[in-house]
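I've put the structures underneath this note.
Presented sequentially are two complexes of subunit A, the first with subunit B as partner and the second with subunit C.
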Partner chain A sequence: MGLKQNLHNLKEKYKGTKMAPAFNAIHTFLYLPNEVTHGGTHIKAADDLKRTMNIVIMALIPCLIFGMFNAGYQHYAAIDGSLRADVLANFFTWDNLWIGIIKVLPLVIVSYGVGLAVEFVFAVIKGHEVEEGYLVTGMLVPLIVPVDTPLWMLAVAVIFGVVIGKEVFGGTGMNILNPALTIRAFLFFAYPTWMSGDKVWVYDAVNRAGTADAISGETILGSYAQNQEVIYSTWDKFMGFIPGSVGETSTLLILLGAAFLIFTKIGSWRIIVSTFLGAAVMGLIFNQVVAADVITESSKFYGLMNTVWWEHLMIGGLAFGAVYMATDPVTASQTNKGKWIYGFLIGFISIMIRVFNPAYPEGVFLAILLMNVFAPTIDHYVVQGNVKKRLKRTKVKTA
Partner chain B sequence: MGLLSKKDAALIKDPLFDNNPITIQVLGICSALAITAELKASIVMSISVMFVLGLGNVVISLMRNIIPSKIRIIVQLIVVATLVIIVDLVLKAFAYELSKTLSVFVGLIITNCIIMGRFEAFALGNGPWRSFLDGIGNSVGYGVILIIVGFFRELLGSGTLLGFKVLGDPIEKTGLYAIGYENNGFMLLSPMALIVVGIIIWIQRTKNKSLIEEH
Partner chain C sequence: MSKDIRIKKGLDIKLVGEAEKTTTNVSLSSVYAVKPEDFHGITPKLIAKEGTAVKAGEALFHSKSDERILFPSPVSGKVTEVIRGARRKVLAVKIAADTKQTYADFGKKDAAKLSGDEVKNHLFASGCWPFIKQRPYDVVANPNQAPKAIFVSGYASAPLAADLDYTLSGKEAELQTAVTAIAKLTAGKVHVSVGKNSNSPLSNLTGVELHKVSGPHPSGNVSTQIAKIDPINKGEVVWTVTPQDLVIIGELFLTGKFNAERTIALTGSKFEKPQYVTAIAGATISDITAGNLNNDNTRIISGNVLSGKQVKEDGFIGYYDNQITAIPEGDDYEFFGWNKPVFNKISASRALTFSWLNPKKKYDLNTNTNGEHRAFVVTGSYEDVFPLDIYPMQLLKAFMYKDLDEMEALGGYEIAPEDFALTEFICVSKQPHQKIIREGLDLMREELG
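Moving on to the complex of A and B:
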């Protein structure tokens, strides 16, 4: 008797009891359930929620693996700058991967363990099946936090994000805010010293601070915000050989993930394209401001305003946010026209916050959360506009 | 209760739980969000509101038959403003540091919806003794929530209670801080107070299903 049969028997045994959802969840997660549709079903689709979630996770796996190598690479490169001269030779090494395994995998395990535990508790209390909603969130969370984030902080934030961001609204599909970004925002406001600054982005930089072995963990955005030169080439920025949150550095892999999501029709290309568009427009406006000599080099906004607009698209969390966060079907706009407006404003506001925020030079998560709140309003006006247009059309005909 | 009749006791008891001004009527939220970052401020605020509401209710109730109904709001405002100024001056005289923490929110007791609400809804139609009980009941119901919120916000946000370092010293790294614990800065921001109040409302409604409105 295999594991599947055992699980099935367990499931049958506990049917109707309080703990039933817990066994059902494990069974459904690992295997295709034995139950088949019955009765008069006429519409059949191959993509249920579980499959949708799995596709997003598949799109995220390259970012995760890259992030594990990058965690080690940034650590060693910060100690010995000469490693950066030949990135490709020094990137995919076992040493780098080992640091990824000891630093990044625990983040993933804590994120999934705590998040799913909360989901299980709520499923048992409410007496419904465990929902698949956390599968993607659990993978997104470790990718958008700094590598040195203490695990207990992550656990507290995950509990907060899942309970306050999702369960109080009624669980998966009912949430107003993206749970992964709620978790990120909680971490940012609760423990700002661990979420910003020039230490947290590179493994061990926090422990070494103030000693003879001190290393810098400054991100590109951090350097620009202080009007400093950065040492990274455009190639580094595009490929992702730069410090940052665990999984968001590689624009190349994110674009590959985007192509995969668009090809499988899971992610909305309208939102992805319009987010990049909005960011580019805001970046261009800032470039024009600098070109028109409105601000001088002594201004504290000069560094980020002077950043070429297409560079804004590659650094920081913009690409990751545009592809994996903004496209969350639950919290995004539903109408096609609404998606353009929604995405455009996310990109536009992201760059605005990035340039003007004095404390923390990144605004993607704030911009997406803000537009999450506005998404229903955007949809409302798009629908109303359509109703008006059609009413007008009938009037012309009858008159 | 031997001291109070059953009807009078309900005046005190109801606002504590099933008709709480903050969690059920959702009044007086502004001050509950603004000054609850410290437990001490919450306690002083509760006492101030108890003074203003208890005494104000009695005064309005005594005058209820001679106030022309067209100008009753103005009369109520004058009464509450007088009492609030007394509280403000007392605080400034005897607890200057604290009055600076509470800043404008002592003055804003005047606009606290609970006070005008009780004047309008209760004191104008009931005798002084019952109005007094109603005022005390409502202000205690308000104060209980303020103190609960203040307790959690100060404990988790600053690691202190009434200024005592109960969790150890964050700079010297003693107590909990020695094993890596850190204060939650979010708790000191007003949005978190709203979330804490929301959690209290959630727990209360889970315990007492009759409070959940029909949709």
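Moving on to the complex of A and C:
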């Protein structure tokens, strides 16, 4: 009968050939396979990896759409500051969306196109199925880069990230570092001028630099780092009407995404909560340092150290990192106890780097990558606790 | 002093086709089979050749490693065929049953007056030893080791499991005799568990320590109960017996006969009338299910849906099983099955799956895998359905890369494959957990003894 039968026949025809993984990836995208259990449990729960990844993508969609509007809004608001007086009236406009369509959508398309192509090539060469990990990575990448990132740069970074960050370790589930952050880190270290400074965050700011029409694309963190006043209100920061990477500005939508991930039991609430906790603690410590007059206004750290601890949670990429990046189950700690430690340290170190990094006032992606490396160590000690308990039981018996 | 066991972590899988509490006597099958693969880890050495006439209880084969461990014919009749597989491995010994059953007479014994060795020898001679299994490794007990305790789980929590309160009713005398006998085999206690609000015939036994169990599956798994009552440490051995096998042991002591008849639950949506029947171990499936089974694209399972074995209609019920489950095969594609909201399947998550809305609903699940095999990705989900104080994913990985030190340290002595049935059921990556555990346990047994 129709499509289903035709695809089934094609699958049988391609079975065992080199192209089978590529065909199956498309086939299983349309149809849940006809595979039945054998050997183990005779029934299986409804969830598979595709469904799990799909939930994360759904949680990211609001951030993407908001990011598209925000790309236009920041552009026009930088030209005409009066637009900021009535944000709501000037935010959800067709003009803004159009900027999003021409600037943000290409980032998404390049990220998915290049990344999936690499995945397919590896699957065909190595003869394994195309695994779903990149479905989420491909959506994360455009959301954590500046809006003006050149597309070729993104393509190069994606190839690097997928090959070195993931495939060399054996593909989805085997990687040590979060692939999306590997891509971000590659961009940061390979093309630092495009990833930091006061221009790349707003569309067209780079082109206009040095001309009469120059506009500023300074982020809040950038302003604080230079001990400058910030023009945005708490409301702006929470809602996300601020410059920043494409999809990470709206704390509100990120929290909604977090609620969705936690409710569906896909994201780890332990990591999300402990990351915010760690960041708050570090922020409080810095506030106390300032309150104790250890740091004076003349210090170059004053601006960020004096930022109220709860404000640290809303600005920069902290919320986005905590909810969507730190929770990547493959690179995070795998034990429940370990997740608390892992998340806490991510938050703690993020704010520390944010304050002390002289070149670039943000540290979330570096903190997460660092903790990715230490996650197995954390797990090791947590699991050893269990092992010791077991050994102790034996000793009590024999004593 | 009884200790109650309350489990919070776990998952009750509610399926359509619970057995109605009526029992039909099934007439004798013409052919029975004893399959050595039912006794994991035993290499059989045949005693009865093709053509030999046997009585019920007479040995068909013994264990190659211990000649005392005999495996009896469940019925009287003639050995018609020894089916062999690759490398002449014995797959099944088939017996054509006599129309009038005769039993080998092992003599009535008063269990209370026997010594431990006498009980042991009686169990050896009558072929009842294989009913006693051991932890670690979940195999037939090694009689040369002394168990620190013996565990009997009288609470069945697996999906659609036979209600032991029902199937054991009226067997009080047999059960009491059997526990009196097996209590002689250990210097420790005999721990018996029953459901919290049950009127199980097991709850009035004397000479045992009784535990009341509550909570979702796997609260009825004997590993769960061992872990809560008296966990196994390195170098220790515990033995386990199922209550339905205690009945057979009890009858042996009371009457001198080996009578492998038990009450079997026919469950699952593919039975027209799910109910109980009485049948003898090793009976032909089609004789037990005759006139009741809708065998159209059906998976027939000897045992439950989580840990049972797939059998054909002309196959035979497993030696230890007291349940046959029949569910639909799921060999069809489902359009956008991976992302559309799901209302007719069970899930431990809420990823557009809605089984959490109505926890009492009964589902008609089929055998579709609902996705393809992948590497381990998701973490933290197994822990929600795994009540033992063990890190399930770390243990599984240690079992996969076969690091014996880690397998031992992480709790390999405390588990059986069935304990990983629920984690396998919910596994997003569709990994074969029970197979991984079984192979790892076999390796541990080989290398560590």
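Keep in mind that, in the parts below, the second predicted complex is superposed on the first by the 369 of 399 C-alpha atoms of A that agree within 3 Å, B and C clash if a C-alpha of one lies under 4 Å from a C-alpha of the other, contacts with A are read in each partner's own complex, and residues count from 1 in each chain.
The definition used in the following text is that contacts are C-beta pairs under 8 Å (C-beta built on N, C-alpha and C of every residue); 3 or more make two chains touch, one makes a residue touch a chain.
What you see is a predicted model, and the numbers here were worked out from it, not measured in a lab.
Asks: If you stack the two complexes on chain A, which partner ends up touching A:222: first (subunit B), second (subunit C), both, or neither?
Replies: A:222 sits against neither subunit B nor subunit C.
Asks: Scan A:317 for contacts with subunit B and subunit C and give back first, second, both or neither.
Replies: The answer is neither, since A:317 touches no partner chain.
Asks: Does subunit B (first) or subunit C (second) touch A:247, or do both, or does neither?
Replies: neither
Asks: Contact-wise, after the overlay, does A:168 reach subunit B, subunit C, both or neither (first, second, both, neither)?
Replies: first
Asks: Applying the document's definition of touch, where does A:386 land relative to subunit B and subunit C: first, second, both, or neither?
Replies: second
Asks: Report for A:153: first if it touches subunit B alone, second if subunit C alone, otherwise both or neither.
Replies: In the superposition, A:153 touches subunit B alone.
Asks: When the two structures are overlaid on chain A, which partner does A:335 contact: first (subunit B), second (subunit C), both, or neither?
Replies: Only subunit C; A:335 stays clear of subunit B.
Asks: Do subunit B and subunit C touch any of the same residues on subunit A, and if so, which?
Replies: Shared contact residues on subunit A (touching subunit B in one complex, subunit C in the other): none at all.
Asks: Hey, which residues of subunit C end up touching subunit A in the complex?
Replies: Touching subunit A: residues 13, 159, 231, 233-236, 299, 301, 305-308, 310, 325, 327, 329-339, 342, 345-353, 355, 365-381, 383, 389-391, 393-394, 409-411, 421, 424-430, 432-435 of subunit C.
Asks: Which residues of subunit B touch subunit A once you look at their complex with the stated criterion?
Replies: It is residues 180-182, 184-187, 189, 195, 198, 202 of subunit B that touch subunit A.
Asks: Write out the stretch or stretches of subunit A touching subunit C in their complex.
Replies: The contact residues of subunit A facing subunit C are 4, 7-8, 28-52, 54-55, 129, 131-133, 170-174, 263-266, 268, 270, 329-330, 332, 334-336, 339, 379, 383, 386-387, 389-391, 393-394, 397.
Asks: Please output the residues of subunit A touching subunit B within their complex, sorted ascending.
Replies: So the residues of subunit A touching subunit B come out as 150, 152-153, 156, 164, 168, 186, 189-194.
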